[in-house]
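Multiple structures follow.
One chain, subunit A, links the two complexes that follow: it is found with subunit B in the first and with subunit C in the second.
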Partner chain A sequence: MRKSFPVEDLARDERFVRVPIMDRINDPRTARQEQAGTKGKRGPGRLTPDRPDAPDAARALMHGIFTGEIQALEGAGRTCWDFEVGSGNGEGIPEVPFELKLDMARQCWDEARHCEISIKLSDHMGTEIGEFSENTFLYEAACNPDPVLRLTGVNRALEGLAIDVFNTMREFGDVAGDAVLEFCEDWMLADEVTHVKMGSDWLRRLTADDKERQQRALEFQRVVDKLFSLGGFRGDEEDSPVRLARRFRELAGFKDDEMDTLAEVAREARQEMDARIEANRAAVAQ
Partner chain B sequence: MPVHVQPEEFSMVFFDAHEIRALTEELAQEIGLPAELSITVDVDETTPLGRSVVQSVDPVVIHLESGALEDAKRPRQLDPVGAADVLGRLLLAVRDRLDPAFGDAPPDDDLPLPHSVAWQVYSVGRLSRLGHRTNRQRRLYQFRNRHGFTDTADAAFDRLWAAEGLTWAELVQISDEARSALPA
Partner chain C sequence: MADPKKPRAPFAPWDRRELPGTFTVEESARRVGHYKWIEMRLFEVLGGWVATVPELDVKLRLGTHCYHHAWHAELWHKRLPELREMNPERLTAPPNDALVAFVDAMTEPEAPELTIEKLVGAYRVLAPAKIAAYTYHLNNTSRITDAPTIRSLGFILQDEMDDWRDGEMMLQSLIETEDELQRAIDHQTKLQRLLLAAGGIAGPGTIGESYITEEETHA
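After this line comes the complex of A and B, so read on.
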């Protein structure tokens, strides 16, 4: 069986359609509108039930969670297979301790269950499998050849985003009175906290004597975090559709300064997206 | 049936105004709107959001953000099936508003969300009986979000989905009764 499976070869049936992230980035339209009387911009707003489009926005987000769960399963599965068992401390990369593989196997179990839950939730919300397009950049983060960077990118950045998203959806279900949604998201959120904690623990253990590797891993996380902020879709602003779930991130091993840095990264992503949209619009106008 | 689509040429999305016009004409005919009725479909292509409203009935102006007509699998491309769902629903609301027996409903912008969603259910139910592909479970989920996840709300949804010839007052009554079962 091949090591380091390429994203292009992931198995999907005809219901799934992949859209390259550049197609989104090159979209000249913007969901942010000029705020009356100011130069500021407002987005579609935080995902709460009082938004008129809330049910459909929640459906789209739930489908994004579903495809993310598939890719998280694929990524954790690959990490079980792609590396040999060894000390994992940097000598003889790409070796990893057996216990790390065991954690990844447990994560596969969780992600498979999350896929099943997501399908049932999609049925509940009136969403068909493949109704929305799929981005594969989640799996792409799981293709890093260094297991430490891979775990940092996936378990701390991607699963960290999952904490923020699940917390948003859990609150959405609570306020909307949707006990099914609230209950499912709460249980999945608990798993995500565990996954992020795994990433934090392995990062510290495997790089305890290699600060340079630790820095490279954290830099990789920063890059992935910026990408996963989706132009400000996830952030710490009042109008961010998905907000940082600081309390749950703390439980998962994030320190305050790390969360402040993440909030700053999300702000940068939002500003860059605004600038990009302006440039796209100027290009369309010419 | 004169249908005008604004803009006539799109620059930010890959929509074809002729396709939208043809779809609107076909739907208006199916729904039974007067042949001489002039309809303007005004698309705001600067936003990917999906708001859609009947802006006025005299003259008939339907206003949509481009996301309302967009294919969820192909960014910036028109989805004819989804567009028929949105345009059909709005044209049915136009027919209701033009019918004196229906009664006076507030303008779309002033509609309380539960009443607006109840009207959508009533319209999409009729659209599905005209043979168009609709998503009943999606509408049920929207309805539950505004009327509660209760058996009472589900029963109200069933009534609206199957209904023909409702008045505005009856529609509001069904919506309000469903909400009355919400826990205080």
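After this line comes the complex of A and C, so read on.
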């Protein structure tokens, strides 16, 4: 089996349909679903049960969580396989500490459980596997050949997004009176805090004597975070569909200034999306 | 309760543990190093295979089992210094080149249509070999002097039996035609030959010696 497994080859059964992330981001219909009488106002806004499209939006988000969990499982699994155990000073295949691989194996188990939970919850919410499309941007972050950058992209950016999403879904379950949803999301949220903390700890340990590598890793995280903000889908604004879960991110090792930076990155992504939509509008009007 | 000062036997009547055991400290450490090596190879490949199998149930089980074997590797890693091996990496090694050849062949399948071959290697060849080696160790080491190893073996064997059953059931559910059955048999035979050449996961003597030697016969 090869070291490093390309995203195009991710194995799926025939129910799954892939849509490139850029197609979704560039599609003004999903970025801005204007409702009658609210022209010019950003929508659909925060996920709350009183939204007319709340059931479908929640089901779509849950399916997105499910496919994200599969890719998180695959990414952690590949980190077990792709790197050799060593001090990190060897030539050729990058080396990682034995304990890092153990953490990744543990994460495999956690993500496998999250897949199981997501499948059960999707069923609970009335969704079938494959009902919504899958995009593979999560796994793409797990393909970085440098283990430090990979862990930073996956465990801090990707799993950080999972903290935000699970917290949003947990609150949605609470407000909607769905005790099953709230219960499950709370358990998954606990795991994600652990995974993000793993990423924070390994980033610090592996780059303690290599500040240049640390900066590259943080820059990679910034790129991934911007992508994961999905044109403003995740952000720190009151009407962000998925809001930054600052309290849980803090438990996972994020500092205040890091979260402020992340909020800024999300704002940038939102502004860029708004500009893209305006350009699309102008093109259609001509 | 009788008089608390009345002497009692240090070993209860139902406690039949005996001294000594079959393995010296050095032999035990050598075997534990081989165990760690094979558990590492197994958790690594199960993790790697997750992305390559399209069957959703198999994908999720591989992710779960990946952690089981990583935990086994961690248990053996922690046991090595307790067996006077202060550099655990030194003994984290295969017993011979033949076992490396076996692992190379077992980890080779990658294509999405080769799930049967992947599972055959892990669950029909390696899992029974590990269960045999661990059971032999459990039954032959001293239950007094080597109790920490025995405790780990107990936990690990429980996992191994559960995971072997999971893997075997997944295989039975995947094998539906004569061709698929033949594929499973062919791959198992190929890997079993390589494992035979290695003498087991700890090399020759992995499960002891069953035949009576000439000297013993005439003793």
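Couple of notes before you dig in:
Assume the second predicted complex is superposed on the first by the 263 of 286 C-alpha atoms of A that agree within 3 Å, B and C clash if a C-alpha of one lies under 4 Å from a C-alpha of the other, contacts with A are read in each partner's own complex, and residues count from 1 in each chain.
The rule we apply is simple: a contact is a pair of C-beta atoms (placed from the backbone, for glycine too) under 8 Å apart; a residue touches a chain by one contact, two chains touch by 3 or more.
Predicted, not measured: the structure shown is a model, and the values here were computed from it.
In the three-chain model built by superposing on subunit A, subunit B fits alongside subunit C with no clash. When the two structures are aligned on the shared chain, A:116 is found in touch with subunit C, with no touch to subunit B.
Shared-chain residue A:1: touches subunit C; no touch with subunit B.
Looking at the shared chain after the overlay, A:11 reaches subunit C, while subunit B stays out of its contact range.
Looking at the shared chain after the overlay, A:82 reaches subunit C, while subunit B stays out of its contact range.
Look at A:70: by the touch rule set out above, it reaches subunit C but stays clear of subunit B. In the superposed model, A:60 makes contact with subunit B only, not with subunit C. When both complexes are overlaid on chain A, the residue A:22 reaches neither subunit B nor subunit C. With both structures placed on the common chain, the touch criterion links A:105 to subunit C but leaves subunit B unconnected. The gap separating subunit B from subunit C in the superposed three-chain model is 19 Å, by closest C-alpha atoms. Contacts from subunit A toward subunit B in the complex involve residues 17, 19, 23-24, 27-31, 33, 44, 49-50, 52-56, 59-60, 123-128, 130-133, 176-180, 281, 284-285. Subunit B meets subunit A in the complex at residues 11-13, 45-51, 66, 72-76, 113, 116, 135-142, 144-145, 148-149, 182-183.
By the touch rule above, subunit C contacts subunit A in their complex via residues 40, 43-56, 59-64, 66-71, 73-74, 77, 107-110, 112.
The residues of subunit A lying in touch with subunit C in their complex are 1-2, 5, 9-13, 70, 73-74, 76-82, 85, 98, 101-102, 104-106, 108-109, 111-113, 115-116, 129, 139.
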